[in-house]
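Naming follows writing order (A, B and C), and every chain is counted from residue 1.
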């Protein structure tokens, strides 16, 4: 794996998460440009069956152990350090997620490598690798080099198409035994399932999504009526869920669900990356926000800066005509 | 700092409020609870609150959170036969106790946090406080750039600076001052919230912090008097800022304009008949006996074609728009508890008296009444306008 | 249960960000700084744990922004000890690698069972303060934590995954936890209490001189996002916008 591009596969409950494909798509480009190989590092238990999904990689390295069945931060970190101490890749890519961000800094520190986070796109030039990150709530782009000999990155979705990271090839597979895990200081106990019985927003064609801009729980009714008129359902961004105006099952975003509706109406949502991660591909996105500079307008196809609380009932009326 | 017993709380009220000892004279007549717009939804409307304290049930009082329904409208204080300073003394002090104990609705917390961090309750950038005046058709001098003495320091206020609807009234006032050739200036980004409403949510400490910043800014400039379109700011400058060592003449914009009514009258034109009713803001009228009732009416009556009618509750009996005492920042909370809005009652009164326009004189009122016009289904039937806007419409068309 | 809380000041996004023409990086001259929102959650979680289990809460912050106000506010909320770390060049905006190295030095001999800090901050570019400090101190790290339960000498962190799924992760020994949300929204502390803290509490100052930091990341340039793919803005008053939107939605065949 020395000098290779290595993608640490993001797995949750036995499923390969989409960010993996974004990383593989980016990784393929980088590996080609650096004239090296793309390796996918798969950690878990009984993970060989996932190899078929990792065709975009030249090689998959599997590390399996009973203690690695579910994500366990310290255990996974031990594994990664053991693997990379043996072979130092040129780049180690983690998803910018609850699992990836637990690991990236530990790896970087222990192996004395730099770490760059929230990367969206990468580029090659003059033999150097550059990354571009979106920061400050989506209001600032930062560009910088990823130094040699090795560098760790965490990757956000949106810079590459997932399909470019999904190829129907068969990668070579290697197994590596896990290092001793008796010094591990964290232990996975159990999952706590999300509350059942609510609408599954990932299956909805139309979403009326509300953010901080609706100001209070009361105004939710306006969104509900609009959603009903559209034949859709109400979802929300983080601040709305934190205030318990909507249950967590309605959260669109990094910590919530990823939705791919036909219509996404973003009401009073600024468009911070954490939210936009939840709606990478909507066929039609409309945004209503009084701030003309809100980042959401760089993603939505149509927008308006009028007062959402006034607009919603009027739009509902107009739709009924 | 937190008071533990009813006795300590009463003692605090008495010591902290001018005329606070009058609370001992409460007859338990119940007029306060009767006139309170949200009394019906409170666990302890003013009379019951005093009764509970006399019965040493302060614990019970602290367990209820309905004090947050109080909009500090001064209705209770204005009718109390014993003249107990209920609003500023009893009710605001109870809110302070709630804050000290950590009980605060989330919406209000955001507004207070914003006031502390940004100097305005809306959480807007302080740098943009004078954006409403940027590139406007008439010049609005910002004192830090103007650098010359002025006659009038116009204290604009949070909502009048940042809220899109209230900004329109600000621009109207700017036009009037221009047409009257008044030498004025505004503080712009140096201005902080006057702090009065924050004080009435129990945050006297925050009020003082904001007031000191304003005093420091205003002390840099030379001016003869302060005018403001915001009755809450008016109230603060008249009654609270002097305690902090800043005592300058202050007028509400309707008072100031009324002084120039002859010159204004000469400019007003008949733009057609209009039936208008005027809403007396709490803080211009009965609060602290400010009693500014006639000047706004004088201005409105001067407009040719304008027929001024009175709502059944007028002057000292005016019904609060619901924005005071934190009400502006507690809409979700008060709706959940009371399922009614005082602003809707008021709008219905205006409609009942056949008015086409509801004239107001406070930046809280325009958005609140406009919302109520919609929610009561009166859109298109009743317009809401600041007195300054009506004057400008008459002058400029 | 003794807890250390780390607070970092970050750009306040209420203000517009600007690029300094000379450096090609963020113009920090007119930047307004504020405490990282998730660090406020970390502090809240620490105070909750103190209220439940006793112990001391120590807050550490670098000397940037309104750090004094933040530290006095922490005292007013219940922190026992507040330490302001002084040094050179803090106002230029330090990377997290360097911040973690400085904090490592500052934590020094402070006794703790847990270090809590926000799981990330809006201006993170080179890792996350909590995770980097954990690595530096050789401690386990769990991020995206929304609840911390301590019982029988063990700590169980609730870790948040997407879609409302949570996992319980048990942690042995001292650890660093990255907080995504406290169990309760950060409490409000009345201004008079903060003023009192300003009079009665003492902020300890700790000077941290040169720290050697390897593998700092260089940022070569910054830019404001282009409005290249900007939304087509629909003009008019609210009535007109509503009408146009309804027409647009029907035309696009989105409904029914």
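Please note the rule applied: contacts are C-beta pairs under 8 Å (C-beta built on N, C-alpha and C of every residue); 3 or more make two chains touch, one makes a residue touch a chain.
What you see is a predicted model, and the numbers here were worked out from it, not measured in a lab.
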Third chains touching both chain B and chain A: C
Top chain pair, ranked by number of contacting C-beta pairs: A-C
Interchain centroid distance [CA atoms averaged], chain A/chain B, Å: 47
Cα-centroid distance, chain A relative to chain C, in whole angstrom: 20
Rounded Å distance, chain B centre to chain C centre (Cα mean): 36
For chain C, residues contacting two or more additional chains: 16, 185
Sites on chain A at which at least two other chains make contact: 307, 310
Of all residues in chain B, the ones touching two or more other chains: 106
Chain C - residues contacting chain B, complex: 14-16, 30, 32, 34, 185, 187-188, 190-196
Residue ranges of chain C in contact with chain A within the complex: 11, 13, 16-17, 26, 97, 119-120, 122-128, 131-132, 134-136, 140-144, 156, 158-173, 175, 178, 180-181, 185, 214-235, 237-239, 241-243, 245-246, 248-249, 252, 254-256
Chain A-facing residues of chain B, complex: 106-107, 164, 331-332, 335-336, 374
Residues of chain A that touch chain B when the two form their complex: 215-218, 243, 290, 307, 310, 313
Interfacial residue positions of chain A with respect to chain C in the complex: 12-13, 70-74, 97-98, 101-102, 104-106, 108-110, 112-118, 130, 133-145, 147, 185-195, 206, 230-231, 242, 247-249, 251, 254-258, 262-263, 284, 286-287, 292-293, 295-307, 310-311, 314-315, 317-319, 321
